[in-house]
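Supplied in C-alpha cells, the structure appears directly below.
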Amino acid sequence: MNGNSIGKALVLTCFGESHGACVGAVIDGCPAGLPLTERDIQAEVDKRRPGFTLLSTKRREEDKVEILSGVYRGYTTGASICMIVRNVDVKSEKYEEIRYKPRPGHADYTAYVKYGGYNDYRGGGRFSGRITVAYVMAGAIAKKLLSTINVEVLAHTVQIGKVKIRRAPSYEEIRKNTYQSPVRCADPETARLMEKEILEASREGDSVGGIIEAVALNLPAGLGEPIFDSLDADIARMMFNIPAVKGVEFGAGFQAASMRGSENNDQYVIRDGRIITLTNNSGGVLGGISNGMPLIVRVAFKPTPSISKRQRTVDLKTMKEVEVEVAGRHDPCIVPRAVPVVEACLAFVLADHAVRSQRIPRVLKKG
Amino acid sequence: MNGNSIGKALVLTCFGESHGACVGAVIDGCPAGLPLTERDIQAEVDKRRPGFTLLSTKRREEDKVEILSGVYRGYTTGASICMIVRNVDVKSEKYEEIRYKPRPGHADYTAYVKYGGYNDYRGGGRFSGRITVAYVMAGAIAKKLLSTINVEVLAHTVQIGKVKIRRAPSYEEIRKNTYQSPVRCADPETARLMEKEILEASREGDSVGGIIEAVALNLPAGLGEPIFDSLDADIARMMFNIPAVKGVEFGAGFQAASMRGSENNDQYVIRDGRIITLTNNSGGVLGGISNGMPLIVRVAFKPTPSISKRQRTVDLKTMKEVEVEVAGRHDPCIVPRAVPVVEACLAFVLADHAVRSQRIPRVLKKG
Amino acid sequence: MNGNSIGKALVLTCFGESHGACVGAVIDGCPAGLPLTERDIQAEVDKRRPGFTLLSTKRREEDKVEILSGVYRGYTTGASICMIVRNVDVKSEKYEEIRYKPRPGHADYTAYVKYGGYNDYRGGGRFSGRITVAYVMAGAIAKKLLSTINVEVLAHTVQIGKVKIRRAPSYEEIRKNTYQSPVRCADPETARLMEKEILEASREGDSVGGIIEAVALNLPAGLGEPIFDSLDADIARMMFNIPAVKGVEFGAGFQAASMRGSENNDQYVIRDGRIITLTNNSGGVLGGISNGMPLIVRVAFKPTPSISKRQRTVDLKTMKEVEVEVAGRHDPCIVPRAVPVVEACLAFVLADHAVRSQRIPRVLKKG
Amino acid sequence: MNGNSIGKALVLTCFGESHGACVGAVIDGCPAGLPLTERDIQAEVDKRRPGFTLLSTKRREEDKVEILSGVYRGYTTGASICMIVRNVDVKSEKYEEIRYKPRPGHADYTAYVKYGGYNDYRGGGRFSGRITVAYVMAGAIAKKLLSTINVEVLAHTVQIGKVKIRRAPSYEEIRKNTYQSPVRCADPETARLMEKEILEASREGDSVGGIIEAVALNLPAGLGEPIFDSLDADIARMMFNIPAVKGVEFGAGFQAASMRGSENNDQYVIRDGRIITLTNNSGGVLGGISNGMPLIVRVAFKPTPSISKRQRTVDLKTMKEVEVEVAGRHDPCIVPRAVPVVEACLAFVLADHAVRSQRIPRVLKKG
C-alpha cells in the first residue's frame, strides 16, 4: 500500500509534511566512497529558493539540510542516508478554514476521501510542493554519483503561461543563465517576458503554469531496463510525482504524432569514431534504453491552484455548496522553483539506472 | 536488474519475443473467484487484430490464447495466472540482414549495446510491438476485475498524422463506433480522413503516428498512493512501456501550461448528492489520487519506424556508414492496433490500485 | 542494491548507526486513523532497556523517541511515519584500535570488505545491535495495528547458555512474568538459573547465547501469501535480520525431522464451533498460511561476540596476524534485550500481512 | 498481494499447479551471454527424480523441460526466460473426496480459508511439492551463473527420521556419493540405515522427515545487503518457501545458543595470503554478509503429511468431525527428492546477490 519509496538500485524513501516537523529523504543503495557533505546537498536545495521574491511565495524557508546517517568522515559508507530539512516559520491557523472546504485544484478533497479525513491538511500537508525539497536532496546525491561517470543534468524553463522560449538555447547558455534568471529561463529576453506574464497574473489574483525542459549530457548508451523499467517510463513516473505536473514528453514528444516516419526517424552516422544520430527526435531513448544522444524530456506544469479569486467548493461536513478564498502565501507560478526539482528527478532516475546497469560500481575508488 | 514485472497488488510479469516460441504474461495477485475463461482473454486479444487489412501488417497473427495456470473450473483460484499466445507464421530470415545494421527509430542499436549483441534481433525480438499482446491479456483480466466495481475503460484514436478528431465524441459513440472503425476513431467522418492519411503515407513508403485517448468511467475517488505511486505516475509509466510512445498527458495536459489558474481549477459542486467538478481539466486526478471524475489520459505515438525508404545507418561490425532498407511486413501506422493496448494498460493500473486500495476484495463473492 | 527496506503493505525503512546522530525508522503504508503518540512507541523502546544492569551493557541509552512525520492530532494520517532516537553517551575513541583489526564474530571484517573500508566501524556502525531500536519502534506501531483485530504478540526467553526453561509457561505467565524478569524468562525459577549462567560467563570475560520463543495469539486463519511471501518465510527472514541470530524454527521445528507423520500431523476437530487442531506441531502455519492456531516461532542467538578474552585476528592494513582485545561496554548475553526485538519483528510481519490480506482496513474507523 | 516472485537482481516468478497444465518459472534479470540449453535445465530437474523407486512416489513424472523465451542460439539474451514442465499422468479423481475434508499437515485447510474455496485442491494444487520443479529450473540457471565465478553449491541429506549422519563427509564425498545414494546421503553406511528408516515407516503406513545440509564453496566475501536483505535472511526466506520446511540454521545454528562466545567466535588467521577463520561456526555469514568461508545452511523437513493411517478432520461443508484416509501416491519421505531443491534454492539466492553485488556482470564475455 506504500507509495513513499521509488527506485530499484538507488531507492528514495520520503517523509514529512508542509507544516509538520520536517521534510526528509532516505537514500538506500548509494555506493560507498562518494565524498558527501551537507554543503553539497545544501547547494542544490538553495536552488529551490525563490529567485525573484516578488514572483514567489513569501514564506521564509531556511531549509537547512541535516544529514542524519550514512556518511562518515566525509564519505558515504554504503549505509542508508537520511537527510532532513526542518520546517520553520509555519503559520497553520489559517488552514483551519479550509479543513472541510477543499480548495479547487489542490489535493484537499482527494486526500480527505482517501484518508478518511485523517490527513494533515495544513498547507496541503503531505501534498504540498514543499515535499519536493526531499526530491532535491536525493537529486543532489544522484548528481554527484552521475558526475563520477561525467553525466551532466540540466533543466530550464521553456514556457511560462503563453510565453514560449524563442529558440533552443545552447547547453552553455543553460549552464550560465538559468539560475541567474528569476524565472530560470536561459534566454534573457524571453525571461523578461516571462516575468511580465507572472506579474500580470499575480496582479489579477491569478496564476500561470509553464513547461520545463531537462537534458542529460554524456549519458552512456545502454541505460534502461525494458520492458517495464524503461528509462523513459521511469523518468515519466518520477516527473508525474512532482505536484502540478500534467504532461511529460521525450524528444519530439506530442509533435511526433503528426510527423512522418522518414522525418522522425533519427538516422545513424559516425562522428569522431562514435555512433551518433543526425537528429534527436527520440530524445535519446529507443526501446526504453538510452542511445548515447542527449536525453531530452519536457514537463508541463499546471498553473498554481492557489489563487486569490473566490471559487466554488463544497463543505464536506454539511455537504452544501459554498465559496472559498485561498488566503495564505502562494506563488503565482511555481515553475521557476520547480526547475531544480525536475533536474533532481531526472538525475535520480539516471543514477538509479547507472547503478543497476553496473556503470557505477558499488564502491567508488578513491580520487 | 529486472524490468519485466510491473504492479504492486496485481503484478504483471511478461516474457516472449516476436519470433520466439510465444509471448506470455503471468498475473500475480488476482483475487480468487473471478469467472475467467480463455474466451474472455481472446476477445480482448482479437481487438488487437488489424481492423483494416490494407492499412496494417500482413503478418497473419492467429494469437490463440492459452491459460496455463491459476484458473480452475472457470474461476481464478488466487494462484498466479500464466497465459501465452504462440508465435506462428514467423519469417525470420530477412532479419539476418539487419543484425548489424540497426534500423533507425527501432531499438536495434540500443538492444545491441545493452545486451552485447546477444539480444534476439529477429523482428525486433523483445522490443517488438508484438509483446503488447501480453499487455492486452493482462488488461483483459483487469477489465473483468474493474467490472466488479462498475468501472469501465474506453480508448479511441483522436489523431492520426495531421488529422485530429473534430470534436470530442460522447462515451456512447466511443463504445459504439471505435471498434467498427478500422482506425479506431469514434467519429466516422474523421475516421475516413485518418484512413486517407495512412494510405497516403503508405503509398509513399512512409508512415504516420497519432494520439490515443483513454477514459475510465465510474472510477471511485481515492485510488492512487502518493507520493511515488500516484495514479497518474503509474499510468504514465505503464503507457511509456508501450513501444513508440513519446508523450503522455492527463486532462488539460500540456495545454494547462498556458492556462490561468482561475481557468484551469476545477470547481466543486453537488449534483445528485455527489460531489463533482464543473470542469475536468485535472483529468480526474488530483495529488495523484482519483477524484471520482472521468480519468482522462492521452498518449502520443511516433510514426512507425519501419519505412520502405532507404535510410542511413552504421554497420556495427565494420563501423562503417551504410544504408538500410527495411524489408519485412510493417504497418504504416500502428496507432489503430495500439488502441486496445492503451485500454489494457489503463485498466491494468486501475485494477492494481483498486486492489491496493481494498476496493476490490481478495476473494470475490459468488454472483 | 538496497537492503534497508522490508515489507510489502507495511514497509519499514531503516537508517542510522551505533555512533552516528541517531537510529531511525520510516513506516510506510500504515492505515490512517490509528491513535498514536510518542508515548506508545516509547513504552516498547523502554522494554529494550537492560532489565538487570549487572547483566547488561553499561552504555546509558536514554532512547527518547521522536516522531517526525505521519501523525497529526494523535492519529496516523496515512502518510509515511518517521521516528528517530538520538544517540547520546557515545564513546567512539576506543574503536579506532579495531578499525583495521576485525573483532571475531562481529561484522567488522565483512563490512570492511563489502564497503571498501568506508563503513562506519565505530561500535559496529550499521551492524550494531543498536539498530534494533528501529525494529522496536516499527513493532510498536505494528502491535497497535494488530490490537485492532485482537491479535496479541508475546516473546520470552526459553534458553540462556545451557539453561533451558523447565516447562512451557502459560500465556498468562508470559504476560505477567517476562518483563519482571531481568532475563525475560516467564518461569521465575529458570530465570534465576539463567542469571547465574550469565554472571558466570561474565566473570570469566566470556559470553553466552540463548533462544527466544515468540507467540501470536488470536491470529486469523488465512494470513500469508504463497509461494514466496509465505508467512513463515517472511517471519524467518525478518528474524535473521536481527544481529546474532543463527537459527529459526516453527512449531516442532528441527524436532519434526525425527518425528513420524502420524505423530507430527495436527488433526482437526471442532471446539466451540471453531475448527482447531489437537496438537500444534505446525506452529500455526500450513503451506505458508496461518491456520488460526497460535503461531509459534523460536529464534536462536549466538553468544555475544564481544568478549574480554584475547583473540586472534588479522591487521587488514599490514595483512599480519595479530591479537585483539575487545574493550568497550558489552553485554555478556544479549538475549534478554532481544526479547522485545523478536516480539517487534513478529508483530511487524503479521501486521504487514494483515493489511495485505485486507484484514486491517486502509482507514481505521473511529472508536 | 502477490507472492509468486522472489529476488531483486535475479527475479524468479513461478506459476502452475500439481494437476494443472504445467509448472513454470520466469527468470528475469539473467545476464546476457550465458550459454544455456534445455539440456542444462533438464539435468538438474532429473536430479529431482526418485533415486530409489520403492522409497518414493509412484507418479511417473517425465518432467520434460521447455524453454519458451529469453534464449537465442544457445545464449541468454538478457530478456526474461520462461521455462515450463508439462504435467502428465495426473489422476485427479481421487482428490474429489478431500475437497471439503482437509488432510492434516497439508495446506488444504489454509488454502480453502484464504481463497474462499476457489483454490485448485487437486493434488494440493499450488501447494504441492511439485511446484519445486520451478525452483530447480531457476536453480539450474543460477548454478550456471555461479560457475562463471567458480562458486559451487552442494546439498546432501544429514538426517532421515532418527538416523543422523555419523560424521561430516568431505566435499569430495558429497560430490561423488550424494546422487549415487537413493536417500542422497554422502556416507554410504548411513545411507543404508536411512533407507531402512524410510522403509520401516512406509511399511507402517507412516512417514518420516529429515535434515538437508547445503554448502556453497568459493563464495567471495562481500555478498549480502544488510540490513534486511542479509544473505542469511534471504536464504532462510527461500528455504521456508519449500513445502514441509520447519527450521533453518546457519553454521553452529541452534547449537550456538549453548556455546560460550570464546568457543563460538571464529578467529581470523592468514593462510596462503588469504584471510580465513580457524573455525566456521558462523557458517560463512557475519552481519548478513559472506566472509569467504564455506556457507553452511541446514534445513529441517517435517515428515510427509500424506500417510495411510486414518486421521481426524472436519467436513468444511457440514462442519462435522469426520475421518480421512489419504489415498493417492505419496512419498514416505520427501527429503531425498528435496536435496536438489535445497541446492537450487541456495544457488538462486547466491546468484541474485552476486549480480546485485556486481560480482557477475550484466553481459558475460564470450569464452
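For clarity, chains are labelled A, B, C and D in written order, and residue numbers in each chain start from 1.
In this text, a contact is a pair of C-beta atoms (placed from the backbone, for glycine too) under 8 Å apart; a residue touches a chain by one contact, two chains touch by 3 or more.
The structure presented is a predicted model; accordingly, all values stated were derived computationally and were not measured.
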{"item": "Contact-richer chain pair (by C-beta pairs counted) among A-D and B-D", "value": "B-D"}
{"item": "Repeat of interface C-D, chosen from B-C, A-C or A-B - more than half of residue-number contact pairs shared", "value": "A-B"}
{"item": "Inter-chain centre distance, chain B versus chain D - centres from mean C-alpha coordinates, in Å", "value": "38"}
{"item": "Distance from chain D to chain A - Cα centre to Cα centre, in angstrom", "value": "46"}
{"item": "Centroid spacing, where centroids are CA-atom means, of chain A and chain B in whole angstrom", "value": "26"}
{"item": "Shared-contact residues (touching 2 or more other chains) in chain A", "value": "1-5, 8, 14, 114, 126, 357, 362"}
{"item": "Contact set on chain C toward chain D in their complex", "value": "1-6, 12, 14, 102, 104-107, 109-111, 113-114, 126-127, 131, 159, 161-162, 201, 206-211, 221-222, 224-230, 232-234, 236-241, 243, 246-254, 256-270, 273, 275, 277-278, 281-283, 285-292, 300-307, 309, 311-314, 319-321, 356-357"}
{"item": "In the complex with chain D, residue positions of chain A that touch it", "value": "8, 357-358, 361-362"}
{"item": "Chain B residues within the chain D interface of the complex", "value": "1-5, 7-11, 13-17, 20-22, 24, 26, 28-29, 32-33, 66-70, 72, 75-82, 84, 114-116, 118-120, 122, 125-126, 355, 362-363"}
